[in-house]
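Notes follow the structure.
Letters A, B, C and D mark the chains as written, and numbering starts fresh at 1 in each.
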């Protein structure tokens, strides 16, 4: 547990230091939101209807662009050797790396969501459902992303392949996440059940990502 | 903790997560997560949803009308408990007819009707030669079971 | 075992237990091609082996196979420690510290932060960080960002991990690359101390390295095809 | 015995009779299926002649999932028992399955426009089938990206096994969610809801697609086995042993 926390702490620290990329993910998120807003035009009604999908898509894209950071640098500088060498359970290391990715790349962005929701004219009733669906659903992005990153860690210029592998598995979290945010905003009775499906996406990712990710790392180290 | 104990705890943790995930799915399946709202769903909403919605149900028998002989068509989409009026200006799919299941995409108007931008016909899983259907109808054993599959 | 370690205050007995390594007819393949075949040798406590061989002869492959990163296709790689024989990769790792080509050093962190992260991973007590700094004369650089270190200084920091890990068997891949003479001498001294404590060392290198009583092995192409 | 089949020549000799049979059956069944489907089956009481798209669409959709299942099973076998033939079978299945998936999507789209009134809708069945296509792409991409074929096989196997979760989702999507896509009409309780006169061409086409899969799989596997052997011969480098100096 102590080493688990130590790895998370180190990765989060590295993420926020110069060149760490955590701020890059947040800036990318801002950029995506801005680009969508510009493309859709200033009409408030259209923007407010699309605010939740835009912010979810922005979170997903920010996750995708930050994935190759999860294992690549550790692989290149030899840290991964040490992480594997000292691991009782490699699965827990993968879990720690995914948690660190979520904390450094996605949590700051969720914190910033209310601001962007304001810019995109999201109705007040939509804030809590959107934040809830992001909090429950984005762990799936980090977990699945860690698996995709583990699969491609030995490849140079893997960022596109990482996206190709991760994106199809992101679909349930995205679809149900947006669905829950919209149902919640509309006060529809399907809010809670949809949110449960978002949670299920994260939980299933929690089950298979560490197992498959650890297997992928073992094969990539050999 | 030894490695064996850690592994035991981890496996327990994995199973717990999987069980929770299955539970979440089952709990959510009890209430329909629809591609569309039904007319009764729309009535139950606390606040009418902004933007584009989808409405699914049966085209009510005898409700299809072309006011003013134009291309604008009006009809009523109904389920067992409620109905919603729909206005649409455009080409209807081949399968559109009274009694048939449809999914309508459009904006919910303040008066509770839907201004459709697209009308989709829902097909059921029944496949039958035309001649056979006609024969059955003639014999009077034909049953209208075109309700959307639920 | 850790408890026994903590109870001894003297620096001499950093090593809590001894272990010997034995390879029996080990063959290893990479990418479907056999790289090593019939590798057999023993490494007992207090011993040192220097492994030479041309580029591509499989030195790194052998070290990584022993460290358990890649599987041996045939044969047995075993670590004997006390009564127990460890043959699986994960069991072996408990007795092995591997320093590869890459230093595992994180540039944005200071020297001390790097060391204390390793200390966490290996479950080493805090005081060993100071020992590690001292063993490679890194005290003055302790709060420097690792990114500002020279290649040789980075290498020293990377090798200081051995002090933190405190494992009986060291596997060193080109440890003296980009090191100056003084640093190399420090490494040799560290190795000598490790052997006195009962540790064993396997070094793969092109460089000349003078280690008293070390056995020299060569990896070279087998005659039979 | 099974290990010997990893040799391309022996593999070819062993599977040649199967391949010839499958190819012949594929041609015959396709011809019969098209004949019955286009000329010798009735128009539907609601869909008219558009129903004939079903004879191309339904088998393609079934095979898109069957190929994936075969690929996942072969991946598990390759992962656990490390047998090259299983890796090769999994790899060779992927492009065939991807083509079946694309065919199902395209023919479904052609049917959807006149019937539903839209080329494409984002309902659960269509979306999950599209995701299947992207998983195939990801699987093929990782094979392409990793040079070392043994490692590529293991990593791709992980992708295939993880991606398998999508298969039950496709299958049961029409039951779990209120989808626009119609429900199961063949393998359902109470028997098929398709009239017998339409089932005949449908089953002929399903059989034909299976034979097409087998007929395409065998040469693809053989090619891959040969490519592997060539790669192995090219890489024939020295084997090192250790000796005291």
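General remarks:
Here is the rule we use: a residue touches a chain if its C-beta (ideal position, glycine included) is under 8 Å from a C-beta of that chain, and two chains touch if they have at least 3 such contacts.
Just so it is clear, the model here is predicted, and its values are computed rather than measured.
Looking at A-C alongside A-B, one finds more C-beta pairs in contact between the chains of A-B. Averaged Cα coordinates give subunit A a centre that lies 37 Å from the centre of subunit C.
Once the centre of each chain is set as its mean CA position, subunit A and subunit D turn out to be 31 Å apart. Once the centre of each chain is set as its mean CA position, subunit C and subunit D turn out to be 48 Å apart. The multi-chain contact residues of subunit A, meaning those touching 2 or more other chains, are 88, 204, 222.
Touching of two or more other chains is recorded for residues 151 of subunit D. Listed for subunit B are residues 3, 29, 32-34, each touching two or more other chains. Which chains touch which is summed up as A-B, A-C, A-D, B-D, C-D. Against subunit D, in their complex, subunit A makes its touches with residues 147, 151-152, 154-155, 158, 161, 164-165, 167-169, 171, 175, 204, 208, 212, 215-216, 219-220, 222.
Residue ranges on subunit C touching subunit A, taken from their complex, read 30, 64, 67-71, 90, 93, 96-98, 100-106, 108-109, 117-118, 120-123, 158, 161. By the touch rule above, subunit D contacts subunit A in their complex via residues 127, 131, 134-135, 137-138, 141-142, 145-146, 151, 154-155, 158-159, 161-163, 165-166.
Residue ranges on subunit D touching subunit C, taken from their complex, read 147-151, 228, 231-232, 235-245. Within the complex, the subunit A residues that touch subunit C are 2-3, 6-7, 10, 13-14, 17-20, 76-79, 81-86, 88, 221-222.
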